[in-house]
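Structure provided below as structure tokens; questions to follow.
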Amino acid sequence: MRGMSKEQNDTSISSLLTPHPSPLIMPDKFQEECAVLGVYGHEEASNLAYLGLYALQHRGQEASGIVSGDGTQFFVQKGTGLVADIYNKSVLDKLPGHMAIGHNRYSTAGGYNLKNIQPLIVNFALGNLALAHNGNLINAQMLRHELEAYGAIFQSTSDSEVVIHLIAHSKADSFLGRVIDAFNQVRGAFSVVLLTDNGLIAVRDPYGLRPLCLGRLRDGWIVASETCALDLLDAEYVREIEPGELVVINDQGVDSHRPFPKVDPAMCVFEHVYFARPDSRIFGGDAVYTTRKALGRQLAQESWVPADIVIPVPDSGVPAALGYAEGGGLRFETGLIRNHYVGRTFIEPEQSIRHFGVKIKLNAVSEVLRGKRVVVVDDSLVRGTTSRKIVKMIRQAGAKEVHMRISSPPIISPCFYGIDTPTKKELIASDHTTEEICKYITADSLAYLSIDGMLKAAPGSPEQYCSACFTERYPLPFTRAEELQLGLFEAAH
Amino acid sequence: MRGMSKEQNDTSISSLLTPHPSPLIMPDKFQEECAVLGVYGHEEASNLAYLGLYALQHRGQEASGIVSGDGTQFFVQKGTGLVADIYNKSVLDKLPGHMAIGHNRYSTAGGYNLKNIQPLIVNFALGNLALAHNGNLINAQMLRHELEAYGAIFQSTSDSEVVIHLIAHSKADSFLGRVIDAFNQVRGAFSVVLLTDNGLIAVRDPYGLRPLCLGRLRDGWIVASETCALDLLDAEYVREIEPGELVVINDQGVDSHRPFPKVDPAMCVFEHVYFARPDSRIFGGDAVYTTRKALGRQLAQESWVPADIVIPVPDSGVPAALGYAEGGGLRFETGLIRNHYVGRTFIEPEQSIRHFGVKIKLNAVSEVLRGKRVVVVDDSLVRGTTSRKIVKMIRQAGAKEVHMRISSPPIISPCFYGIDTPTKKELIASDHTTEEICKYITADSLAYLSIDGMLKAAPGSPEQYCSACFTERYPLPFTRAEELQLGLFEAAH
Amino acid sequence: MRGMSKEQNDTSISSLLTPHPSPLIMPDKFQEECAVLGVYGHEEASNLAYLGLYALQHRGQEASGIVSGDGTQFFVQKGTGLVADIYNKSVLDKLPGHMAIGHNRYSTAGGYNLKNIQPLIVNFALGNLALAHNGNLINAQMLRHELEAYGAIFQSTSDSEVVIHLIAHSKADSFLGRVIDAFNQVRGAFSVVLLTDNGLIAVRDPYGLRPLCLGRLRDGWIVASETCALDLLDAEYVREIEPGELVVINDQGVDSHRPFPKVDPAMCVFEHVYFARPDSRIFGGDAVYTTRKALGRQLAQESWVPADIVIPVPDSGVPAALGYAEGGGLRFETGLIRNHYVGRTFIEPEQSIRHFGVKIKLNAVSEVLRGKRVVVVDDSLVRGTTSRKIVKMIRQAGAKEVHMRISSPPIISPCFYGIDTPTKKELIASDHTTEEICKYITADSLAYLSIDGMLKAAPGSPEQYCSACFTERYPLPFTRAEELQLGLFEAAH
Amino acid sequence: MRGMSKEQNDTSISSLLTPHPSPLIMPDKFQEECAVLGVYGHEEASNLAYLGLYALQHRGQEASGIVSGDGTQFFVQKGTGLVADIYNKSVLDKLPGHMAIGHNRYSTAGGYNLKNIQPLIVNFALGNLALAHNGNLINAQMLRHELEAYGAIFQSTSDSEVVIHLIAHSKADSFLGRVIDAFNQVRGAFSVVLLTDNGLIAVRDPYGLRPLCLGRLRDGWIVASETCALDLLDAEYVREIEPGELVVINDQGVDSHRPFPKVDPAMCVFEHVYFARPDSRIFGGDAVYTTRKALGRQLAQESWVPADIVIPVPDSGVPAALGYAEGGGLRFETGLIRNHYVGRTFIEPEQSIRHFGVKIKLNAVSEVLRGKRVVVVDDSLVRGTTSRKIVKMIRQAGAKEVHMRISSPPIISPCFYGIDTPTKKELIASDHTTEEICKYITADSLAYLSIDGMLKAAPGSPEQYCSACFTERYPLPFTRAEELQLGLFEAAH
């Protein structure tokens, strides 16, 4: 029998109807902050940028912008919401030119102001310049204060704008020299695409924290955060932009530079775990889907449990659940059905009754779950609130046992490189044991993937990844000033 | 290597950017036309209606409306687009009252005019009346002409409006008598919810062509097209509204009537195949998900083929593919990734280059498909155009063999009971053999499920279903006038 | 010195910011309810309708609609607000056809619902029909109840819709017969333009309460409430549509009918006083401007007072003030400056602080008024509240004496023929003497024009006018039922 | 009989329907470019700013903005269109604080970009700063290039932004020092209001080219372009901000500075002729209405002609026409009726058929004009195109003679100080004699006011005015670079 808890009975429906900023996303996940894209050498560059941004929608749903250029002028369109809602034929017709860059934004950390929507665009002494940035600069505030003391006037509250002012104030001779000068002063994660009157410049930070790849389309070139954008455009995947590489793309072709001191790479392993689209290839590996299945298989090996069925938390948990089922010799089922029509402005329940929020997106199929021992596989567990509701939902649908399996390790520390993460305190694994968390989410058992297991399943060398959110070992040493500003001091103690 | 066909190279991107009315839906499917919902006896009736319509979004994405009533006045909100975009807190605050009905609409057969968005609402001699209708009336045009000859003035081009005029013109003594009088004159499919100043009336046609169920929520009642709406509202599933049943819901409770001559039921089997949400229970059976898996298992039994992997056409093909994989002892994989951010206004390619259109929604994962013998499972095949593109996409991703399996029989005839179907000529199976279709879609093999196999896998008695789209045996005999009007004459000859 | 009263100092500005429905109009005036227009026989009929409605904007600023027809189909556009804001090139391009009718609406007595915006448009047994109505039917409610009892379903709450149902239910043989049948059943004021698939029908009630004129444009015809619309279209003024005349306009030309019993005309004298545009010729007379000057001259003759200057309350008081100055041998000045940028959505003060409201529109010029004996001329005085504020404003600007002169008699009774008037109780002259009113508005003297003087200044015979608002002698005898419904019983006692 | 010329008969109506940017204004006039306003020391500062901007609407109808401040934060609202359409209660509720500045803009010389709408607002090293500017800086481009060479990045294409960068780059010790430093570098017309976190700064250029006045409201202060804004706010007029004066307004009160080298004043005489509202007092004189009447009287004295009536081109020509009639002993009449409902988006005729455009706004009253010798008085004549159409319209209405009288001298040269003027070539008087112009506009006679007559009628000393548009004697000597940039070189030769 399907019972109703007291808590639900008391729920006043109208109190459920407060808006929630990003309902398309499961609320209890880390969030990628941005997608970047560049197109050079195609007469319909802005159309391609639009389609590419559409393919990269999962990396940012709050806002989007495209700037196109014809060698003389820039043309710009920005808006809040989904790519498919911001652009249309008449908008794109106003973005002529053979080159374009675009940006999707998840959070609007600098506020919802239109000015903070990228690409940032300026006209300065050297002409037009537009910038699209995926990542986060940890010394942005300090640089901004210095620049303002010299008379610089900032347009936005976006950290990315410091790069533009550094370029404008640089004393280097050439435009390229100024760009290199600027990026040598910033610290943190940056996969950036710049548009100038002459072409594109794509830069990836020395650690390669965020992905960035290069594709070829007939006579033109595409730069994109992920290869799924190349696939949609029928562009050929050429290679990754390497960590620490700066690429100039213009009518002379593609010219590669290595302007930064060499450091060990530290690519974000969470891109494999959750962020990237399963059909994308990142960091030189195979499709992320394959890696996620491997994570699931590894998880089955580490924490197998006798069960009747394995179900994913859809959609992101599907590959790992398939891997777990395969690796564990268990039956895969779809026990939770996801409603894909949530929409941008869906009115969602407040925090206090988030259980309802999960129901908005997921419904349990009693016929699948009733009387079963169920392994439910999710890719990550952040606060635990959603997992708790999912476990309850599965149990209410009649499951006999609910075993939660997470295809990544416990998250114990925030990310400062372009991911929207809660504070350390909100990360349930930062100060709770797995047993405590298991009890909190009311599961019969809970197991995370080990760090070693994760890095083993991920393609390439284990040393090439940043796993700071699992290990608290950040690839860039922080200055004391940065620690204070990022709240790290507090976090560390 | 991922090649590009000549055809794609010649594609001008800008020609891709013509709008397409319903991009959230795979273009080459039958489309359910409507969802209906009623709420009685809850102080936040319109909020519940909103949430219920949200759960029923898959039955209609073009427009939606809610009418609430407080016993004296009606309050109304209608709009085009998704439920989540039409309603918000301030809109719902303007829909007070303890009862409400709602409607989602897929197509706007009567044109995109706001007047055709249901619930239809009128004020006439007996007070306020609102109507929400799922289904199609085959004698609506004839009834309309008769009514107009008597001086009736129609507000909309919607066929459903004839019901209202029949009620207004009826000479029966009571309001209920008038309603029964009216529904006894219409022929076709109707799952209807009426709102009056006193309560709800829910009616289902004698054949039970479209689903309709009854739920209980504390002191109130819910009527809905599918049980997934009850689940979201935490309402208890009571039972189906039976074929030929009319239910009056007011402060006296629920009163059941059987006002129609008894006929054999003819419930739409396609609801199991594709329309209903997998977590819904319809026509008295288990969750649709279970039935779809059974269809897949039956399909494997009928047309097994040696293969390395079984992949679904997502999302609707997933349960049948799981059933096929299980039944056939083959490995299930996710070889096609779906982009869920399409959005309402996505600019889609034109017919001539629909291949691109499929790419907008689906991308193949080469790592999964390369070198493999692939069984791809879809729930139905209408025109064949999309299947052709999917087969090509899978092959371009490196598959060695592509075997298409359809978990329903060949569609040879249109539906006249509330489903948006192409004309007979556009149904590829109406005049092509399976071999011809296999060749057209460029698959290595193609197999449909048999009619007997489908009815065996569907819950309950095989006789209780309408399978007219597969068999051309329509449950209602058409008059000659109806045949002419529906274009059946032409179709039949 | 410009002082500030205590009252103003205490005014909280934010309380001033409540919206007011029709700010373009001085709040304390009678309001014309509608303009009607018809065009036949011009390939750009809807463009002409648009321009004509623009010229008739003063007769209704709340909403507007145009319906065009090409002989087969109707095309429609409606909206709230000003003509110039509702229509544009792309809208008008969607209104093809060689004939069109249009309507401007002042009040939306039936509520702001889009359905109440005219032209009303229906498709019924005899084809398409659209109706635009200026006036008011005093037996509309009773007719509506009768029609509903026969099964009629009304779309709007507009009284004008009864005419359409009467046409639909008529048993007359011909379409024209039905129309005549219908108009013979309604009582009240109607200047109506109908659009059918064949052409236009223009009808004016037997009393001729509201104006309606006929113009010629090349091969086509224009019907309009006032001649200013003909002027803008460069159409030639042909003649008035006579009281009690029905005119059929189609490809056979113009055919005149007299389908109503003959009665004495009773044309609204207030059209001369205030409603009509000064450049229009109405009721067969000269330009209204000339009549208004004559009213002013007559006023000077009746109530001359020694003064230094004569100023109008702009804009409507200008002609009468010029006439007064001329007739009285006094100097005309512009002592009050009007701000013409009020805009549709201007946020106006609430009733309690209407003084501010007058300042939003008018500012006094101290240099003109200081130390002067001022005659201020307005066309009418309804509640007295605005006059009171104007007198105070003039006095604060330094005037030594303020003499208010009204170029029409005291208003003692409401209008039931299409004018938006306050209830009898709100008409200050209904229960106050001129002395009392003078005191209330704080003027040094107040004089109204006499009824005889007004009728003498108006063109044509004094007997041809309805002066019911000044005399309480209504041209149509009311039935008891109508008295009750119109609140006349209460009003009369 | 009212004839129609061939030209009109051929006019296709649809070709009339192209949009025109600023239809509220007669097309053939000089246009004031901006209004500025500041409020300090009132808890509802933004509400006052809104009302003040509404009163100043005549100085700019294209766009408007308000920035309020509470000492810590700035709040901003900007939009295109009329003040009454941009702001409403909910918008103003989001503009808290005890101080605010606002701006109305006529032209968007820098393009219609939202960034160019003032107040400009920045956050820089010294905190928040907002700027509203009426006037034009003739050395803005040169300063911009210099600033960009130092690394400055401009947000807008507005010339006013250079002032902000000059402040940011100044090496002066104090904020006030920086402001003075900045304004000492710019040349041209500036009546500017700045908002900082501490209060307001109001500055007027040494020539006093544009007006700026100071008012007192209870404990607070108002700065406004014209006194009509003070009147609406019930603020007491204190005095003009003097030419060359800089006033600091904060919680210490009002502090006056004279930071600029002393020069002879050169206040724009055209403010008297046309720009300012008739009820405003500017440049220390009486109401502009009085001055305009004096211009008309002087005109009658200089160029009297025997006539039956004097009519104005409404609305701006009314005071001068009244003065002419009084001075000339002739009868004043309203022979042209203006339609005040034009609206922001009115679709206006193209240049080629501007005659229609005049009809949109004006209609002639035949009864007034027929058979008469008419003097028509306008305030200025720029291109002559509109005058030509007005003369024709009057003559078509039956006038026997049409004598055009202009209450200002022939305009021979453009303005570079904040007025939107056509190029020298488009000024008909720059290369045509009065006789030639008379012939072009088809008048029976034409006379302008003499320069001496104008300066005699204007209040105060004739030497205090800039009459450059009539005399080509510009108060600021141009550098050669400026001449080139302003196109003056070409103009002069």
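The letters A, B, C and D name the chains in turn, as written, and every chain counts its residues from 1.
Following the convention adopted for this analysis, a contact is a pair of C-beta atoms (placed from the backbone, for glycine too) under 8 Å apart; a residue touches a chain by one contact, two chains touch by 3 or more.
From a predicted model like this one, the values you see are computed outputs, not experimental measurements.
Asker: If I average the CA coordinates per chain, which chain comes out farthest from chain D?
Answerer: B
Asker: I want to compare two interfaces, B-C and C-D. Which one has more contacting C-beta pairs?
Answerer: C-D
Asker: Averaging only over C-alpha atoms, locate the centres of chain C and chain D and give their separation in whole Å.
Answerer: 35
Asker: Report the inter-chain centroid distance for chain B and chain C in whole angstrom, where each centroid is the mean of the CA atoms.
Answerer: Computed from C-alpha means, the inter-chain centre distance equals 52 Å.
Asker: Could you classify the connectivity of these chains, where an edge means two chains touch, as line, ring, star, complete or other?
Answerer: ring
Asker: Inside the complex, what are the residues of chain D that reach chain C?
Answerer: 2, 4, 8-9, 12-14, 16-19, 23-24, 42, 44, 47-48, 51, 54-55, 57-58, 61, 82-85, 87-89, 92, 218, 228, 231-232, 234, 236-237, 277-279, 286-287, 289-290, 315, 318-319, 322, 326, 331-334, 337, 339-347, 359-360, 363-368
Asker: Within the complex, which stretch of chain B touches chain C?
Answerer: 122-125, 148-155, 164-165, 168-169
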